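Got some structures for you, see below.
Same chain, two partners: chain A is paired with chain B first, then with chain C.
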Partner chain A sequence: MNLKRKLLLLETFRTLVTIVIALLIGYIILFFSTDEPLNAFKWFLVGPVSKTRRFVEFLNQTTPLIFTGLAVSIVFQAEIFNIGAEGQMFMGAVGATFAALHFPSVPFLHPILVMIFAMFVGGLWASVPAVMKAKWRASELVSSLMMNYIAFFLGLYIVNYYMRDLRAGYLVSYKYPKTAWLPKLIHIRYNLHIGIAIALGFAILTWFFLYRTKYGYEIRMTGFNRGFAIFSGIKVENVEMYSQIISGMIAGLAGSIEMMGLYRRFVWQVSPGYGFDGIIVALLARNNPLGVIPAALLVGYMRTGAYIMGRLSGVAPEIVKMLQSMIILLITAEAFLGFMRRKIIEKEAMRMESGGA
Partner chain B sequence: MKAVEMHNIVKIYPNGVVANRGVDFEVEEGEIHALVGENGAGKTTLMKILFGIEYPTSGEIRVFGKKVHITNPHVAISLGIGMVHQHFMLVPSLTVAENMILGMEPTKFTSIDYQRAVKMVEEAAEKYGLPVPAKEKVLDLPVGIKQRVEILKALIRGAKILILDEPTAVLTPQETGELFQALRNLAKSGMTIIFISHKLKEVKEISDRLTILRNGKNVGTFVTSEISEEEISRRMVGREVELVIERTESKPRDVVLRVENLEYTREDGVKVLNRISFSVRSGEILGVAGVEGNGQRELVEILTGLRFGAMGKVILNGENITNQPSHILRRKEMAHIPEDRVELGVALKATIAENLISDRYYKDPFCGRMVMKPQKIREFAEQAIKNFNIRADGPDSPVMMLSGGNIQKVLVAREFTSDAKLLIADQPTRGIDVGSTEFVRKKLIEAKDEGVAVLLVSADLQEILQLSDRIIVMYRGEIVGYFPKNEGLTEEELGYYMLGVRRHEESRIKEALIS
Partner chain C sequence: MNSVLRGILSTQFVYSILRVSTPLIFATLGALLSDVSGVINIALEGMMLMSAFWGVMVSAWTGSAWMGLLAGVVSSILLALALAYFHLNLKTDLILAGIALNIFSSGFTVSLLFMISGDKGSSASVKSYVLPRLNIPFLGKIPILGDMINNHHVLTYLAFLSVFLVQYLIYKTPLGLKMKAVGENPDAAQSVGVSVIRVKYIALILSGLMAGLGGAFLSMGYVSWFARDMTNGRGFIGLAAQALGGHSAIGGMLGALLFGFAEALSYTLQAIQLPSEITNMLPFIFTIVALIIYARSRLSKLHALR
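Let's turn to the complex of A and B:
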């Protein structure tokens, strides 16, 4: 077994250990917050697989997380800390709503046009921090975070003033025409839309983009060592610009798929948090697009489990947010179980020694 | 009594590099003990362990007979160990006295008693026979004096064991002489001195005993007077090496690079380049000699498009490229071996293959219009690993796992296969082992023979003399010496120009610019 594989295995093991630790802490918290901690914990752990409906709910939860995880992975690979996926996704959903309501209702073509428009809006939104960084050295961390707030309030304003369905009893947009609905993936009673398939396709596409195209190469080298990239003749300013815009496009697409697939109208009155959870997914996946899939499944599972626990046992789903955060805390602590990593490397070094290298 | 005893020291770095493989090392009190070995033999690591900068993977250390765990430099200092690093650890904008008392300031009420600090420094300078200008800013001092400040700084903190890491690397031959005199006096007064070097002549001159490291192991400790230079050298390398590189006759052709009246003022207002003019022709090596920090770094950065705002003209193949960024220059057949290989030359986390194509990843045969061709990249990388003798598991190993010499070979492999017309090599063999050094130097000669114009910047005078067809010497941002031939030229002679003691006529310096 080569070193690379050993280290990958160790990383996986490390992630699993942190999850177990976080779950244990979660159980302790539950123990203090409910009379039936075991019952609540059971729903959290097995809820998503206890019924077909819940399983579908879990897959639909995962879909946007894959997209935002991919979006965040791309910028993180370039060592750009654009955390604006939340706002980009929100604006993507607003843009999708506009496109769904105003673009010609041609079957098949309609959802594609909506997606393209949402990607455009998401990319545009992401380009603001990108340009501000390139032109005025504004920290993308701060500006992208601020853009999230702007997206939220501006988006709500647009929907409530221009696209609000007054006949609905609450703040939502008009229902999309049927041509803008995403078809179901399989014919079951529940709405498992094709979003998950598109998401998986995009994960592979993003992997290909990052590891098999020259643009991906530029992004990765810039992220590894910016000075080296400049020295090698890579135009890092361009790389930093387009990595953010592409990331924004994927986040925007996520918004459109959520709306067309799940709700068929704009329904968000609070920011859904997928963008921020996307950061968690990217961290869990170590920014690898293929790793995003299991990472998103995990986070999606926890999210769904939390909702089910909340519905069936009355424990607040916010507890799960704490669990998630704890997992991330442990994972980002690089030295956690670092002695194992050191051991592996020392052993490998010794092996190379005796191998005469 | 033994001042230092290190037993069976093993050090494996987190990136897997094994620097020490069970080293035993002993130093008697009051002696000057030289620690010699090739670059990469583990000398610096061993001393970093003694000074608490690195912690050994295993092994035992005794200082003055007492078993110790040196977990950080504070512990080392309290044990009476001082270290003078290769790169000075001084605050340039502070005065000598301020630097000296940093962290142990004498105070008057709540403020620093500056008068007393100056007095402390002057007393110490007197006591140890190391005169320093206490009130001057470090920034304005010549390198030799800065080093003296560093030594005094260690002594003032109560050092009884002084470690000097390649102290002569940045000195001119004249400054080296002064340093040695000072070290002898210190040793006479009972100071224990560990002197890291790979310059055998100096080791013979200064040390009482010496220990030779090879490949992370102690291969012998000797009384210096009882071992010959040849014998030391043989043990260092493990085989007979004659670092004489066959220099082929050069046949210079057209001018490739022309630099005219280049001037540059740094952000801090210091004029670091002043009226620099020279040219490099196809098929020749132009050597740039000089003590580090005399404008060479800035010159290279400007020529390679990593630093901007220079006045004057830089012409490459007849085209004005002044202040053009690197991504334009890279497409104009310029190759560059940078001084700082880890900061600029490679991406440590990327694979060998990825590092090898960083200047041509977008081109045929490695990439189509957008999609890269992994098979072609792999083939090229395997070929390069073979041709350049890179010791690695394969093209997919991260560069991080390689030793310094092999990292440099990856970089060199890329730059030498780029079909460039101009190669700028900045300290191409610094800090790498003799084998790799020999290899890189031969490749430089080969490149020249193939008609590449080579600009060689090096602080290693041996390298400059060995390889260059013509030599310019830089001092305080100016060219102060020009040697159109290097026959009969000695390191001492160059030293006088590097120090600014001697200077050629303006008209002779102008000849460096060949039309």
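Let's turn to the complex of A and C:
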């Protein structure tokens, strides 16, 4: 086994240990927050696979996480800290609602136009921090965070004042015409829409983009060593800009698929948090688009498990946020199990030395 | 339009700027103290939230607002210590650790709030206490100005006092000198015997202290309850204000006052029936515009130097 594979194995091991620790902490929290911690924990662990309906819920939860995970992976590969996927997705959903209600209701074409428009809006939203960074070297970290808040309030304003269905008792948009609904993936009673298939397709597409095209190469080079990228003639300012805009487009797309597939109208009253969970997905996947798929499945599973636990045992599902934060902390902690990494590298060095001599 | 102008030109408006700026000033000072030492504390948001939560809960249990304040500040400092430990000892990426702690605080406070009060939205059912306002007789006697600066919350006065304390700490004390040295060139600082890790620990603890005061103000002064995610980006706005002010506490305070102005303006505009969604955006749009103006001027200065 060569060094690279050993290190990959170690990373996988580290990820597993992290997840186990996070689950242990989860159990401890449950122990203090309910009289029946075991019961609650059981629903958290096996809830998503306990019924077909819940399994479908789990797959539908995973879909937006794949998209936001991909979006975050792209900017993180360029070493850009744009954490505006939350707002880009929100605006994507608002844009999708506009397009679904106003674009011509041509079957088949309609959802595609809606998706394109949502991507445009998401990209536009991401272009604000992107241009600020490229033109004036303003930190994308703070500006992308601010854009999340603006997206939330502006989105609610647009829906509330221009698309609100007054017949519904609460703040939602008009129902989309049937032509703008995403079809079901398979014929079952529950709504498993084709979003997950589109998401998987995008994961492969993003992998191809990052690892097989010139643009993707430039993104990775810029992130890997900015100085070297400049030296080898890559226009890093441009790379940093388009990586953010592409990322925003994918996040925007996520918003449209969520609305067309699941709700068929705009329903969000609070920001759904998929953008921030996308950060966890990207970290678990080590920013690899193909790794995003299992990572999103894991995070989606935890999310669904937490909701089911919340419904069946009365524990606040928000406790899953604490587990997620532990995962971020431990996975990015270089020194966590770092001694094992050192040992592997030392052994390899010794082997090479004795082999070479 | 007239009523807006009248609103802005009143003493009441200046009073409310100082009031809404209070948590922003604390957040800015928190951002400054860590930034000077080369640490970007993005977890300010979570620290403030944690402090706001414990302030309410402990004041309700003990019946004392001051105990609430103490608990809030301690909880915020504990989070700062966690950030320091993960970043400095376990080598976690600083920004991601900050994001993680923000997510943690949000989940922690909502879960506990639900457990204690059975409500996920706010702690309205918990009987908590607020810190007092101070009526300073000689301030009140000053015409016009008196109405603006007297009768504020005790933490508002502390916020402005802290601006000068922090400025003094950074520029006039050995600790401040060490913090700046560590921030500018950690290797050089280490080589002359300054413990970089220790200085960064201290900086983060002080940063957590400031965030804790700002968070406690939110739930024990600004309003008298805790609400889910009630910090609402104030920690991040503090980071932006600090960016505008550079390494000067007074500059940062001016930045915080600018965003405080935007927030106060948004309430005035709500009074004339402008949609709340629009007015709520104002402080954030202000922040974006201010960041652009600041970045442009810095860039042209850089070009002029060349």
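Observations on the structure shown:
The criterion applied here is as follows: the second predicted complex is superposed on the first by the 356 of 357 C-alpha atoms of A that agree within 3 Å, B and C clash if a C-alpha of one lies under 4 Å from a C-alpha of the other, contacts with A are read in each partner's own complex, and residues count from 1 in each chain.
By our rule, contacts are C-beta pairs under 8 Å (C-beta built on N, C-alpha and C of every residue); 3 or more make two chains touch, one makes a residue touch a chain.
Predicted model, so just to flag it, every value in this text is computed and none were measured.
Partners chain B and chain C, once the complexes are superposed on chain A, both fit on it without clashing. Looking at the shared chain after the overlay, A:Ile345 reaches chain B, while chain C stays out of its contact range. By the touch criterion stated above, A:Arg137 is placed in contact with chain C alone, chain B being left untouched.
The wider contact with chain A, measured as residues touched, comes from C rather than the other of chain B and chain C.
Using the contact criterion defined above for the overlaid structures, shared-chain residue A:Met322 touches chain C, although it does not reach chain B. Residue contacts after overlaying the shared chain place A:Tyr215 against chain B, while chain C stays out of touching range.
In the superposed model, A:Ser33 lies in contact with chain C only, and not with chain B.
Superposing the two structures on chain A brings chain B to within 5 Å of chain C, judged by their nearest Cα atoms. Common to the chain B and chain C interfaces on chain A is no residue. Considering their complex, residues 2-4, 212-215, 217-218, 220-221, 224-225, 227-235, 342, 345-346, 348-350, 352-353, 357 of chain A touch chain B. Here chain A touches chain C in the complex through residues 29, 33, 81, 83, 128, 132, 136-139, 141-143, 145-147, 149-150, 153-154, 156-157, 160-161, 276, 279, 283, 315-316, 318-322, 324-326, 328-329, 332-336, 338, going by the rule given at the top.
Looking at the complex, you find that chain C touches chain A at residues 40, 42, 86, 89-93, 95-97, 99-101, 103-104, 106-108, 110-111, 114-115, 120, 232-233, 236-237, 239-240, 243, 275, 277-278, 280-281, 284-285, 287-288, 291-292, 294-296, 298-299. Listing the residues of chain B that touch chain A in their complex gives 12, 14-18, 21, 57, 304, 306, 326-327, 329-331, 336, 338, 343-350, 354, 358-359, 361-362, 367, 370-372, 374, 391, 393, 396, 401.
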